[in-house]
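There are two complexes below, and they share chain A, which is joined by chain B in the first and by chain C in the second.
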Partner chain A sequence: MEATHLLVRAGEYVCALPLGAVRQVLRSLTLHPLPGSAPELKGLAEFAGDPLPVLDLARLARAPQGANPVFPVTVVAWAGPPEARELVGLAADAALDVVVLPAAALVAAAPGSGGDGGLVAGEAIVGGQVVRVIDLQALGQVS
Partner chain B sequence: MSGGFLVLRRGGATWAVAHQEVRGLARRGAAIEVTVAAGALAAVEVLGVAAELRLHPAGGVLRRFWPEAARGLAVHGTLPLVLIDGQAPPRSLLAEPASPAPSIPGEGNR
Partner chain C sequence: MAVDVTTAGEAGARRRGDDALIGWLLLAGLVAVGAALLAVAATRGAAAWPAWAFTVAGLAAIAAHGAWVFWPFQRLERRLPVEEERFQRLDASLGATCLHLGSGDLVRAAAASAGLPSRVAAAFTASTAALSGLAQQIQDSSVEVASAADAVNRIASELAAGSSQQAASVVEITAAMEELARTAAQIAGSASRQAELASLAEDSGDAGAAAVDEAVAGVEEVKKRISAIANRADALGSRSKEIYRVLDLITEIAQETHILSLNAAIEAVAAGPDGRRFSVVAEEVRHLAQRSQESVESVRTLLDEFAGSTRATIVATEEGSKEAVRVFERSRAAAAAIAELRHTSGDTARVARQISLATQQQNAASDEVVMTLREVSLVVQRMTGGLKDLSATADRLNALALEIQLLAQSFHLDSARSLKHVVESWAARATAAAPAARQELLEELVRGTQFADLLYLVDERGTMSALAVNPATIGARPSLDLAQLRDVDMRRRPWFRNAERERRTGITPPYQSILTGEQCFTVCACVGLPDGGFGGVLAVDVNVTGWTRI
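Up next, the complex of A and B:
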């Protein structure tokens, strides 16, 4: 089985988001930080008239921050388990490409490298570089 | 959800309190204190009153990364906001308790 993914740059990592979960890719939304939040939560934004929590994808994937982490792109995507999915924004450095990843190309993430709460489902090689495949369903679950 | 909401700014974020949860409103220097069941909240600005808010539940993602209680999320104009629970408001919103009058060393021994 293969799945189509959106590749985005997050810090020094390239991450793959399941395309079916992606609703929109936007220029960075205006963020309103929430005092007392974990560093992964950049803040709240307004998206299509609704409130949207925006997360730092590089921090979620435990990627080293890039040289210029200004998050010019927000990926709006469905997160959480199917019965309780919710829209979130993922602040990233760039949207790169859409690729098809055969299931056989995916190698399970090494223990301890799964990012926050096992968010990195595995790794694949795309165009000669390592891509971290993100499990958005795991995002809404308490670690 | 209707019934009226007070919309506040503090800490770079926007908050709302349902009218029925507001027990008092007073200016304290540059801040505005809004009293709710849990105590006094300090706002830097009251943005206004919203007659209605289209509330969204605070989902699992928010609860995972923001350890505070909230009745929900909404947008006021273009500002995303948190509707607070007057019984358990975010700690960062609580007003600092008034500092006691400075004591003079030895004064209590006389």
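Up next, the complex of A and C:
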């Protein structure tokens, strides 16, 4: 079985987001930071007239800090289990491509590589580059 | 001598007595013969009275002869030996006096003339006194002539030396002036050439000024063009910035397109199977956006290179502009320098012409000075020759004065200026002194003189027995030692032989002293023995210069 993913850059990592969970890709939204919030929460943005919490994908994926992004984007996606999913914004450095990842290409993440609380579902090699597949349902649990 | 005179007188008296007797007999015989002849004539008829008259006259003549001739003659005959002896004494005195006079010994001549008759003696005394005075005057005059000749000689020598130096100086000055004239001619030539070169430099300065003006204009044009290039490069930079803004816009559009294609892909996935076609379109759009972005990046890269070249061009044009400004300023400075150089070259040409003219005048003046100096040199050379002749004449005059002095000194005068008199008085003191005291006496005598170089005593065997050197005249010269001269046989010396033979004080001709190297002569006087015999010679070497100075 294969699944289509949206590849985004988060720090030095390339992350794959399941395309079915992605609602829209936007240029980086204007953020309103929330005092005292968790470091992963960059702030609140306005999306379609509603407040949208925007999370730092690089922090969520424990990715090392990369170069300053040229065209940062905010990926609006459904997070959490299907019965309790909600829209969140994921701040990424760039939106790269849409790829189809076969299930066979997906391998479990190396132990201790993420430290992300099970957010990274696995890894795949795309174009010779390691891509970390993000489990957005797990993201709802984590958050 | 007296015996000889007496014998001659007696023989003369006998001869004169026989002659008187013969005279008597001849007179009587003549009377007798005359009377006999008259008697014979009377017998032959002649008168008798002439015979008687002749006989009486003859007897009267015989009586007159006896009274007036024979008897006075007899008285004179008796006085004749006495007179003859007196005549001999007078003759001896006169001979001795004349002999002393002939030898120049006026003192002994005067003493010898005492035996002459008083009038003759007075005449001799007056003559010797006059001769002595004359000799002294000759001595004094010769000394003065010698001194004057020496002074003239010295002055002439100094003048000749000065004239020689002056002639040498004139020759040197002439050579220097000739060199100066040659140098002036060279300077004149150099000044003329310099004037020509300065004129050429002035012309070259004009050409250079024109060329520099053209260069300044060219540099100014280059500066303007560089400024235009800089402006265009600035404009190009501004356009490049606009292109960058357009590229940014295109990039942004491409990014937006990319995001849009992603969202289209998301919508296509959300649409399920119905959105498959749409996903293809979204993918194509995504690829298009991606190519657009790649093209933009390529253009940006090219534009970066272009912008870099433009910036380099701007920098180069700025540098070129600055360099053009500097070249322009330098060109203007060069133009000013060339203008100054032209001015200076003009001044230099004018001054060089003036120098050339002045140097030519100097050259002409130097030639005149050289000609004048040559004439002066000839005059000085003639004057030097004349002074040398004058010096030689003074030398001859000095020698002549010395000869006169020696001739005057050949007279023995009763004067302290008579060397014979002085040396004879010293010889008398040496005769009176004991042999052991003679060396000390000679040293005492020589210390008291300024003309005697050397006093020495030679005994009758020709051996030098005492020697005294005058330190005042010898000075620092090496002296003589008596021991070196004791073995020399002085009897070979002419002056010793003359003194021994003549027993008279003598003077040698002048000769060069081996002790001083100067001219001297020797005065030698006889020293007597206690028995009155010849006891040797006292010789005095007289320095000519010292004696004439006295």
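Methods note: the second predicted complex is superposed on the first by the 136 of 143 C-alpha atoms of A that agree within 3 Å, B and C clash if a C-alpha of one lies under 4 Å from a C-alpha of the other, contacts with A are read in each partner's own complex, and residues count from 1 in each chain.
To be clear about the criterion, a contact is a pair of C-beta atoms (placed from the backbone, for glycine too) under 8 Å apart; a residue touches a chain by one contact, two chains touch by 3 or more.
Here the structure is a predicted model, which means the values were calculated and not measured.
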Exercise for the section: Kindly say whether there is room for both chain B and chain C on chain A in the superposition, answering fit or clash. Expected result: fit
Exercise for the section: Figure out whether A:Pro82 sits in contact with chain B (first) or chain C (second), or with both, or with neither. Expected result: neither
Exercise for the section: Considering only the touch criterion stated at the top, classify A:Thr4 as touching first (chain B), second (chain C), both, or neither. Expected result: second
Practice task
Identify the partner contact of A:Gly49: answer first if only chain B is touched, second if only chain C is, both if each is, neither if none is.
Solution key: first
Practice task
Have a look at where A:Val25 lands relative to chain B and chain C in the superposition and call it first, second, both or neither.
Solution key: second
Exercise for the section: Counting touched residues of chain A, say whether chain B or chain C comes out ahead. Expected result: B
Practice task
For A:Gly128, select first, second, both or neither according to whether it touches chain B, chain C, the two together, or no partner.
Solution key: neither
Practice task
Figure out whether A:Val98 sits in contact with chain B (first) or chain C (second), or with both, or with neither.
Solution key: second
Handout entry: Shortest CA-CA distance in Å separating chain B from chain C in the superposed model
Key = 22
Problem - Footprint of chain B on chain A - complex, ascending - result: 32-38, 40-41, 43-46, 49-53, 55, 79-80, 84, 86, 88, 117, 139-143
Fill in the blank from the handout: Listed in rising order, chain C residues that touch chain A in their complex are 255-256, 258-259, 262-263, 265-266, 269-270, 282-283, 286
Problem - Contact footprint of chain A on chain B as seen in their complex - result: 10-14, 54, 56, 59-68, 73-75, 78-82, 90-93
Exercise for the section: Would you mind writing out the residues of chain A in touch with chain C in their complex? Expected result: 4, 6, 19-20, 22-27, 71, 73, 95, 97-98
